[in-house]
Each structure stands twice: as C-alpha cells, then as structure tokens.
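The two complexes that follow have chain A in common; it is paired with chain B in the first and with chain C in the second.
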Partner chain A sequence: MLKRLASFLITMWLVVTLTFIFIRCLPGSPFNSDKMVHPQILSNLNTKYGLDKPFHEQYLRYMQNLVKGDLGISMIYKNRSVSSIIKRAFPVSLDLGIRAVLLAAFVGLLLGLISALFTNKAQDHIISAITMISVSLPGFVVGTLLQYLLCYRLSVLIYNITKVRFNIFPNTGWEGFRSTVVPTIALAAGVMGIVAKMLRSSLKDVMNQDYIVMSRAKGLNKREVVFRHALKNALLPLLSISGPLVSSIIMGSFVIENIFSIPGLGRYFVSSVQDKDYTMVLGLSVFSVFIVVLINTLTDILYAIVDPRVRIEPKDRLGA
Partner chain B sequence: MLFSIKTTVRTVLKSKLAWAGAVILIVIAVMAIAAPAFSPFDGYSHDTDSIFLKPMSKGHWFGTDEFGRDLFVRVWQGARISLAIGILAAIIQMVIGTLYGGMSGLFGGTVDEVMMRLADALYSIPDLILVVLITMAMGNSCFSVILALSVTGWTSTARVVRGQTLMLKEMDFVRAAKAFGAGRWYIMFKHILPNCRGQILVSLMLNVPSAVFAESTLSFLGLGIKPPDASWGTLVNEGFKYSNITYHPWVIFLPLFFIAITMISLNILGDEFKKALDSKH
Partner chain C sequence: MKLKSYHALLLAVFVCITLVLPACSDVEAGFNEVCINLGDEPPTLDPQLVYDVVPMRVINAVFEGLCRKDKEGLPVPGAAERWEISEDKLTYTFYIRKDAKWSNGTPVTAKDFKDAWMRALDPEPQYHEPAFMANLFFCIKGAEAYAYGEGKAEDVAVDVVDDRTLRVTLVQPTPYFLDLVCNSVYMPVNKEFYDKQISGDISNYGTEAEAILGNGPFTVQEWNHDENIVLVKNDTYWNADVINLEKIDFKMIRDNTAAINSFKSGEIDMIEITDRMLAAELENSNCRVEAYNSGIVEYVTLNNEDPVLCNVNIRKALSYALDRKTLVEKILNDGSKEAYGFVSPIVAGYNGKFRQQAGDLFKDNDIDTARKLLEKGLDELGISEMPKIVFLVNDTELSKRDAQVLKDMWKKSLDVDVELQVMSFDAMAEKMMSKDYQMALLTWSADYNDPLAYLDVFSSKSFYNVAFYSNNQFEELLDRAIREIDDKSRMELLIKAEQIAMDDMAVCPLYFIANSYAVNNRVKGLVRGSSAIQDIDMYWTYVE
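Then we have the complex of A and B:
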C-alpha cells in the first residue's frame, strides 16, 4: 500500500516537472500576436504572470500553488482560473466517461460471455469480428461514422418517410439524454471490444482448468459452470487492466468531445493547446494525469484486495 | 522456446485473415509509394475551377477538396506520412524498449527496480498528453511527432524484453558464457537479445498500429501534422473544417476509410503474430 502511494507521488511529481519544463521550453509566448504591443505592456504582462522570474523560482512557485490546489490562471482569458474551468468542464467529462464505462462494461462483458459460451460457433465468429473492428478503429473514426449515420442520415431518413424535421440524436452539444446517446456509444466502442476480447480469452483459459473440467465431468451443465465457477475467476484479469482502460476512455473523450462539441475537459485542452495558453495546458494536463494515475492506483489496490494471490506473489509484478 | 522468424511468419501466414491483412497493407504501401507519381495532379496546387468535385469526375478519381486539390494524390501522400510515421516510430520504440528492458533485466537489483518504476510511471501517463506536450514544444513537424511517439511508446516492449531477459539470464548457456568470462554487454548482445527476437518482433508488430493510431488521432485534433502536408488524420481534420459532411462526404470518408482498413489489417497481423508466439510456449 505504502509502495503504491509512493509510486503515485513519484509519478505525479515526474509529470508535473516534465510538463512544466516542456511548457517553458515552448517557442513563442502567449502574448505574441499580430498586433504591435508596446514593450512596456509586454513586460508588465510577463511580470503579472511571473514569466520574468528565473526558471527555478517559477517552478517552485508552481509546485507550492499546486500543493494548495491552485493551478494558476489562464493566460488568454482574463480572470479565468484553471480550477474554475475544471470545475465547469470536469463534471461534463465525468458524466460522459461514466456513461461510456458502464456501457462498455455491460456490452463488452455480455459479448465476451456469449462468445465464450459458443466457442467456435457462428456467434463467436461474429462477435470476434465485431470486437476486432471496434478495437482497431481510432475513436475519431467511430465517432465520425456514428455521427454521420445516427445524427445526419437518420434524420434525413425520418424526414423522407414522415416529412417531419426531427433529430432523434442532435449532432452536437450536451443537453438532455438524446444528445448523450451517440457520444457515449462512440466513446464506449473501443473499450467494449477490449473487454469482450479479454473476457473471452480469460474465460477460455479458466474453462480448461481442472476444477472446471471436474465440475463438468460430474454432470453440471455448461451454463451453470460458467456462471457459478468460471466467471468470477475470469473477471480478475479484466480488473487488472481496468486502470489502463479507464485512462483510454479519458483520452478517448478528448476526441469525442471535439467531434460532438461537448464542453468537457477535452475541448478545453485542445483549444488551449491551439491558443498556446500555457497555464491552461499545464493545469489541464496535470489534472487529467492526476485522475488517470489515481484510478490506476485505486484499481491496483482493489485488485490486491480481491485477489489474494497478488499479495502473496513476489514483487515481480512487472515481469509478466 | 528458441525462436526463428521464418517459422513464425510461416505460422502466421497459415491464417487466411493474416493473408488478407498482409495483402491489403502491401497494396496500400505500394499505392502510397507509387500512386502520386503517376497522377497528373500534384496534391498541393489549388484549382478554383474544380472545387468539391465528386469522385470519378474530370479525371479526379477520388474527387477534389475545398481548394480543388486532387484527393487521390492527397490520400496516398497522406498514406506515406501516416505509414512512415507509424513504422519509424515503432522501430525507434523497439530499439529503446529493447535496450532499456535488456539492461534493466541484466543488471537486476536496485537498478532494475528504479528503471522499471520509471517505466511504470511513464506508462501510466496517457500518451496523448505527453505527445501533445512534446509536439507543442518542438513544433508540428513529422520529426517531432515521431520523436514524441518514440519517447512515449517504448515501455511495453521494455517490459516484455525485461521479463524474457530475467528468464534467459538464469539459463545454462548464459551461465556458461559468464563462466568463460564473457562481459555483460557481450552476453546481452550475443546471448540474451537474439533470444528475445520473437518477443521483440511481436511487440514491433503491435507498436505499429498503436503509433498509426496515435498519430492519426493527434492530427485529427489538429495537433499533429500541419497543412499543407497531410497525414490521413490531417485530411479528416481539414475535411471537417472546410467542408460539410452532408454535402461533401467523400472528402472526409475517403481518408477515414483508409485509416480504418489499415488499422484493422495492422491489428489482425499483430494479433496473429502474438498468437504464433504464444503457441510456441
């Protein structure tokens, strides 16, 4: 436990420091613009944002503020602090993320289960093809396709049939349940495939173990064996990758939010990169990484609680 | 346990799916290399008389975009950039990961512990964020994108090679070499790494699609390759910016289609390689 906490802190420190160095090495300044600005104004701005101080002093000050939870203020939008943006945008991203995680887990587990129950039958092959495709396609491909089909084509179809203009699924925005459906599916698709694939292969492994063969031999039917005995153990490997999966959902949401114009963290991240809004990029990166690393650590701990073998095993968790 | 690349490739090519994937990739690669040279259009010059032409009109097989640029040429030029970045980044990741993992496993003890903690820390950071930061710091050239992907993507290879090294270094032939007075580096390059070939090859095959994935996502967000140069991701991004998906769907869907089949083929091949390696153990 203590070790995990230590590695959590080390990772966060590493991230903050690296990010800070990167951002400060960037060419140009956020105050560069096409307009001629008086040098005095520029230097006043630099003083206001502390950019005239030596590098290590900026670093120390940033770290101090960070520990207090202050991520600084935006360099482009006056009087807008990074924390206020996070406060506004994170709930939206979280909402989208939770929906996607739930959907991905539910559908993924269902598909994995079905394909393991029907190994090498038609159902299995179809599901394998679906998971292969959904794992392969980048989020923006899925997002664009779904937006085109479910938002544009579907309303065109409805118009052609009923002559009523009606968007079942609005193509942008984040208001009301209908607008959340397509982004959630798009975001969940990739992870759903991974979950299905993992569950299928781990169920297959478990089904070959002696105690399963034994219960089959004593006459329990397959369904019973799968649900009573195999499933529990087959879910464990999934728990071990749930950290990386959640982090891929978070990164995926950056893309999906941009496609569907959802006002979440990802939108702000991309636009602040384009604006060269240093403090904003720095703050949002640090915050996203914090969330990801936190979730990784929590699932690690959870894994150790659920599976006692992890605790007894030698420290060589990395070698796998 | 010992591994020959030839037999693995042979095992892989027993699968029809792998064949299909390989053929698709070869066709795309050949087109990427050759197609732009055989087209009368150059992919950069604007032609205001023929903007948003539909595919197969006026000699533009894939139609034209918002500036009247020929999409056939632009898509294959995009293929060049996307594939070149993916492959180069994966190769560099392989080299870094192999050396790092090999060293970590070979030295063992505290060195190993520290090196793997660092790799773990790097692994837990979402690569998109790191890549964005690096490309921000270095500009949006192909070089900086490759560098950024290489810096972030090597950890999985390192883990695999380290695991294999830990196992190999306890084996008799390595001990014998040690007993004869072979140095650490000699053992690493002569005995350990050659016996990691299988693992290294498989992780290379898995790294290519993830590099292509990362690059196209980055460019799609407008944070990767900058116009007028264009990877597939950039083409889709530009398509969204300048054209309307309902009126000019081909501008967006053509590059999207090629990304999709490339990614699927790469993943199928990677999967088959992994299976071939796993079945050996």
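Then we have the complex of A and C:
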C-alpha cells in the first residue's frame, strides 16, 4: 500500500511539474489570447496573479498551495476557483460517463457473446460489421449524425404528422432523462465496439482451451460451457483495459459534450489550454492523475477478486 | 408463456408512453419569452471586469449606466434622467432619477456609480483582478495616474454632490463621453451587496445568479454554468412599463450545427449565421434572416518600419491591387461592405455618419496604377525585385480563408510572393509588438461611437499602433481635434486626419464586417448592432 502511495505522489509531482513548465512555454499569456491588452493593465493583471514573480517562485508557491489542497483561481473565469469549476462540472461528466459505460458494457458484451457463439455465421458477420463501424467512426461524426437523426429529423417528422412542435430528444442541454439518451448512445458507441470485439476474440481463445474442450467432450452443451466456465475467464482481458477506458469516459468527452452542449468537464481540457488558463490546466492535470490512479486501483482490486491468481500485495501474502 | 409476452409488450408500451408524453408540449418558448443562443459561458457578469461581447449581451439587459443606447445607438437617459455640460465641455453633472432602483428595491445613488468607477480604476484591487477596460476612464481627470499606480484615488475627479447628483471633470473635451457612460465598465455597483459577496480573498460578485444585483430592465433568475442564463423582467425598473418580455433564456450552445438544429426544431429563437447557404435555406422557413454592420473593420496591418514596407508606394501598390468587391461579394457574400477608409460606417459624424462625410479615400482593383507604384517604390528602395513578404494570420478559418484570397490576388496582379504564417493571436501579437513582422491580418472594433476610437490606432502615442505609423501632420490634426470644442470643426479635423493616414496607406483596410442572424418570426422588436458594445438589445422586444 505504501509503495502504491509513493508511486502516486511521484506521478502527481512529475505531471504537475511538467505541465507547469510546458504551459509556460506557450507564447502569450492568459490575458491577451484574443485581444491586445494595454501594457500597464497587463502588468497590473500579472501582479495580481503573481505572474511577475520569477518562474521558480511561482512554481514553489503553486506547490505550497497544492499541498494545502488549493488549486487556485481560474484566470479566465473571474473569481471562480478551479476546484469549484471541477466540483460543478465533473458530476455531469461522471453521470454521462456512467450511463455510457453501462450501456456500452451491456450492449458490447451481448454483441460479443452472440458473435463468439455464432463464429463465422451470419450473426457474427453482421455484428462484426456493426462493431467495426462503431469503432472506426470518430465521435464527432457519430454525435452529429445521431443528433441530426434522433433529435432534429425526428422532431420534424413528428411536426409533419401532428402539426405540433415537440422534441422527444432535445438537440442540446442536460435536463431530464430525455436529454441524456442520445449523448449516452453517442458516447457509448465507440466503447461498445471495443468491448464486443475484445470479448469475441478472448472468448474464442478460451473456447479452444483444454478444459473447455474437455467439458464439451464430457457432454456439456455449448451454452452451459460458455456461461458456466468460459465467460468468466474471457472477461479478464476486458477488465485490464477497463481502467483507462472508464477513466477517459468519466472525465468527460470534449466532442460529445460540445455537440450536445452538456455542461461537463470535457470542454475545459481543450479550452483551458487554448485560453492559457494556467491554474485551470494544472488543476485538471492534478484531478486527472487522481482519477486515473483511483480507477486503476479499483480495477486491480476487482481483478484480484475475479482472478484468484492475482493478489494486490503479493509480497505481504508470501511473507504471511 | 403467452401471458408473459403480453405483459412484456404492455410494459414496453408503458415505457414508451412515459418517455414520450412529457415531451408532448410545445418546445417553443412561451408567451413573452424568448430563447437566444449566447454561444459561450460568460467569464463573469461583473460589469467592471468584462471586455467582450458575450457577457455584455447579458449585462446590458441586467444593468443600466447613466445613459443607455437607443435603437440607433445614440445615448439617451438611463439611470440619469438628465445632465448638464459646462461651456468648456469639461464638466458633466448627472442627475440620477428618483425612481432608479436596484432589483432589491434600494435606490440607485450617485455613490454607486463612483464606487463602481473607482473599483475599475483600482490598480491593485483586493478582491478581484484589475479591470481590462480601465483605459475607458482615462478621459476623467486623475484617472490615468491612479490606474497606473502613480496618483491617488481622491484625485480622480468624480464627485458625489449628493445622493442624486454626480459631477465628473474631464481632462479634455470628450464629445463621446455620454457614449462611454453606456459602456458596461461604467455601470454602477451596490457596495453593500458587493461586500456581502466577499469570502476570503475573493468576491463572488458576478459569478452566480444570487451574487448579481442589477438595476436594469431584467434580473438574473438562474445561471446554470455552461448551460444557460435565465433573465426575468425586473419589476422595480423605472421604465418597466415599456418592457414587454417576461423572460429571456440565454443558451450556451457552442457547436454551430447543434445551434442550427436547435433553431430549426424551434428550441431557440435566434442564431448567428456564418454560412450563406444556410441563410438561403432559412429564408424560406418560418424566420427572417437579417444582417447588421458590426462596427468591426478587417485590415492588413503593414509594418511601416520594415525595410520594404516602409515605402509608401509599395504599401499603396499592395492595397490598390486588391479587388475588395470580389472578396466581399463572391467569397464572403454575407452583407459585409468593402472598406475604402478605416472608420466604420456605423460611427457618427457631425449630423450624420462619419463615413458618408469622409467618403471613399482610395480606389482599388487598379492594377496598372498598382504596378507603376510598385516599380516606383522598388526604384526608390534601390532593389530590382520585390522580395517575398511574410503575412501573419490568426488560426481561425475565416482569417485563413481571407489571407489565402489576398495572397492569390497579390500574386496574380503584382506577381508578389506572399508566405502565410498561421499562428495563435497572442503569438501574432507578440511578434507585432516586437516589430518582428511584415504584414498581419487583423480586425479592429471600437469601444465607443466616435471616429477617434478608430483613428487612435494610427497615433504614435497609442499602444495599438502596431503598424508603427508616424506622421507629424496626422498627429497635429489629431491633437487639435482632441482639444477642439466645436463639434463640426472637430469632425472636419478628424476627416482630414483619416485622409492623411489613408494617403500614406498606414494600413490596408479590407472590409467592414457584417453579422448575419436568423430570428423566429414570432419575435419582434429585436434591435441588433446598435453599437459595437451592444450587439443585442431586447428593450423593445416582444413576442407575437
């Protein structure tokens, strides 16, 4: 556990330090990204945010505040603390992310399973084509297309039939269940394809293992073998990629959140760099490291539960 | 088994009905409500700290300065019911109306204005950052020195005579001062309310709906960050009887396609249009497409100290060779107008518009003259061939498009090679400030409705003079205009000054940018582009 904590702290320090250096290497400043600011006013602004101090002093000051848990004030969103922005926007991204992960896992596993059960048959070919498309199409294409078809065209169709203007799925916003449906599908689409493809190949590998062949030879039917013996082992490779996959989804998707105007964290990962909002960029880096480490730890624990060969702290166990 | 399938079917139908039924309501905003796309999250709604058009759209509806703009963009009484101007035009005395109230019912006083203005000038404010637009106060005696940390707050000539009288003394006659007091940075602050928003080192003022107290026609009811801002009519507003709208919902839809889909579905009542194809498509539906001059001029700034571009004939050749009409009509086709001067056509002159009085100051698409001028210029410089010119371009699609067209025009008409260097605006600004550039594509918009706001760009005293243009005759005319009390003579001096700058082709103006928008036919009385700082005014808006 101590080793894990130490590695977390070192990772955090490295990420913060490198981000601090890189973001300052960009030309310009947070105050003149789209407008020329009067030099005296710029100098007053630099003094206010401590940007007139030597680089090492700014770095030490930031690190001191970070240790106290203070991520600073955004330089673009006046008088709003970075932590308050994250605190407000992250739950929205998390909500959308969890919905997308659940949908992707459910549909992906189902498709993967059918595909593996009917290898090289029509069902398998159709599912392979669907998963291939969902993996290859970029998010902005899927999002825009789904918005056009399910939000806009559907509302036009309903209007043409009923002559009443109403939308089942709103084009934008994050209010009520209906507004979550299309963005969830759009965000889940890519992940669903990955899950289905991985499950299909890993299940196929497991099905060729000796113990499965043995079970089949003993006369168990295919369905029973798959559900009782093969599936659990076939899920292990999926579990190992689920850490990075889940953390990237719940941190917010810039593309999907932008298309559907969802007030999540995703857009800040892009806009804060474009605007050179130094404190926001650093705050997001700190938060990302925290979430990635947390999810990876959870995945490791889950892995240990599912696969008895894996232990979280093997040395302690051996010692015991 | 059959029974189970039947139950499943019933359940499915029930789920569908539950999903669909709540949606079966009219999506268009209700009676006397409009829904407009703001386009982005405002960085703040603190009037003293904003500097761009997005927050100003909301602030102009929530706050009111001593004056406000009418439909034509001219200053009319706002929180001040009248004012007096001294004979030497240096002292303005504003009389605040009795019924001017904050939305919590407390009266708006002269002190509220002074507090706000001093806040904006404070060089080291304790609870917020220094104001970007503090330079708009520099016409007030003592303001510039205080903002630069060289003077004292008590020397700033803003005097609270009594609760309803505010006296301001200016450094020089400033005929556009009434226009300045319409600007958001000049809007009042309720100090008592402001102080309550302070927590620790910062003030939450302007960051949340409940941390905003306005004195304008609307109040902020909700601010769901990154999603929408909801304004409702302010019943304590002195002129509430003329305000028709009950509610304004400002959505923050950044994606253009999503905004178009929302507009077509009736979810929002107005969108900005950048695509002419879309405008043509929308013109046939239940909306009207309109355009207005934004007050922004796009131009090529030429480094007047560059070894090649220091030659006036070469600068003229580059400008005369361009075909602005083709650029505006064939490439842009959005209502923008060719620029044969620098001051925007929306700017007021003496009894009319400045641009009409000053006229067109040069001709373009005159390739023969341009070639002769280029040859002459090269002779004067003692070089035989025009070297390749580096052209800095901001990394936006529109800038890249325009730059490519200009590059082709220069190549075709003058056989001049131009190398485009695309970069972020701040990288461009850094290069320009250090004189490390030849040409750059820029835009300029003014913070107040006066030709000086444009011509100041050519003054050697101005920090915005990145063309490094210098002409004593121009400076003298500008100085005389600044001191001149007679409006007509002042305007004549400014017309002459612009003529000189354009004769020297200090920069190469391209076109005056028009903004197009589509608005649902049910929304009437929407005023757009009355001035560069107030691009949407819903004071007279109503729903039919």
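Some notes on this structure:
Here, the second predicted complex is superposed on the first by the 269 of 320 C-alpha atoms of A that agree within 3 Å, B and C clash if a C-alpha of one lies under 4 Å from a C-alpha of the other, contacts with A are read in each partner's own complex, and residues count from 1 in each chain.
Just so it is clear, a contact is a pair of C-beta atoms (placed from the backbone, for glycine too) under 8 Å apart; a residue touches a chain by one contact, two chains touch by 3 or more.
Predicted model, so just to flag it, every value in this text is computed and none were measured.
Once the two complexes are overlaid on the shared chain, A:Val289 sits against chain B while remaining clear of chain C.
Applying the stated contact rule after C-alpha superposition, one finds that A:Val281 touches chain B and leaves chain C untouched. Looking at the shared chain after the overlay, A:Ile241 reaches neither chain B nor chain C. Residue contacts after overlaying the shared chain place A:Tyr152 against chain B and chain C alike.
Applying the stated contact rule after C-alpha superposition, one finds that A:Pro39 touches chain C and leaves chain B untouched. When the two structures are aligned on the shared chain, A:Gly139 is found in touch with chain B, with no touch to chain C.
In the overlay built on the shared chain, the residue A:Ile250 is in contact with chain B alone; chain C does not reach it. With both structures placed on the common chain, the touch criterion links A:Asn258 to chain B and to chain C.
With both structures placed on the common chain, the touch criterion links A:Leu14 to chain B but leaves chain C unconnected. Shared contact residues on chain A (touching chain B in one structure, chain C in the other): 27, 144, 147-148, 152, 156, 258, 276.
By the touch rule above, chain A contacts chain B in their complex via residues 7, 10-11, 14-15, 18-19, 22-23, 25-27, 132-133, 135-141, 144-145, 147-148, 152, 156, 243, 247-248, 250-251, 254-255, 258, 269-270, 273-274, 276, 281, 285, 288-289, 292-293, 296, 316, 318-320. Remark: chain C residues 19-20, 22-28, 41, 43-44, 46, 49, 51-52, 123-125, 127-132, 134-135, 147-149, 202-207, 224-228, 251-255, 257-259, 261-262, 264-267, 424-427, 429-430, 463-464, 466 touch chain A in the complex. Only residues 116-122, 124-130, 132-134, 136-137, 139, 159, 162-163, 166, 209, 213, 216-217, 220-223, 233, 236, 240, 245-246, 249, 252-253, 256, 259-260, 263-264, 266-268, 271 of chain B touch chain A when the two sit together in their complex. On the side of chain A, the complex with chain C involves touching residues 27-29, 31-41, 44-45, 47-49, 73, 76-81, 85, 88-89, 144, 147-148, 151-152, 155-156, 164-168, 170-178, 258-261, 263-264, 267, 276.
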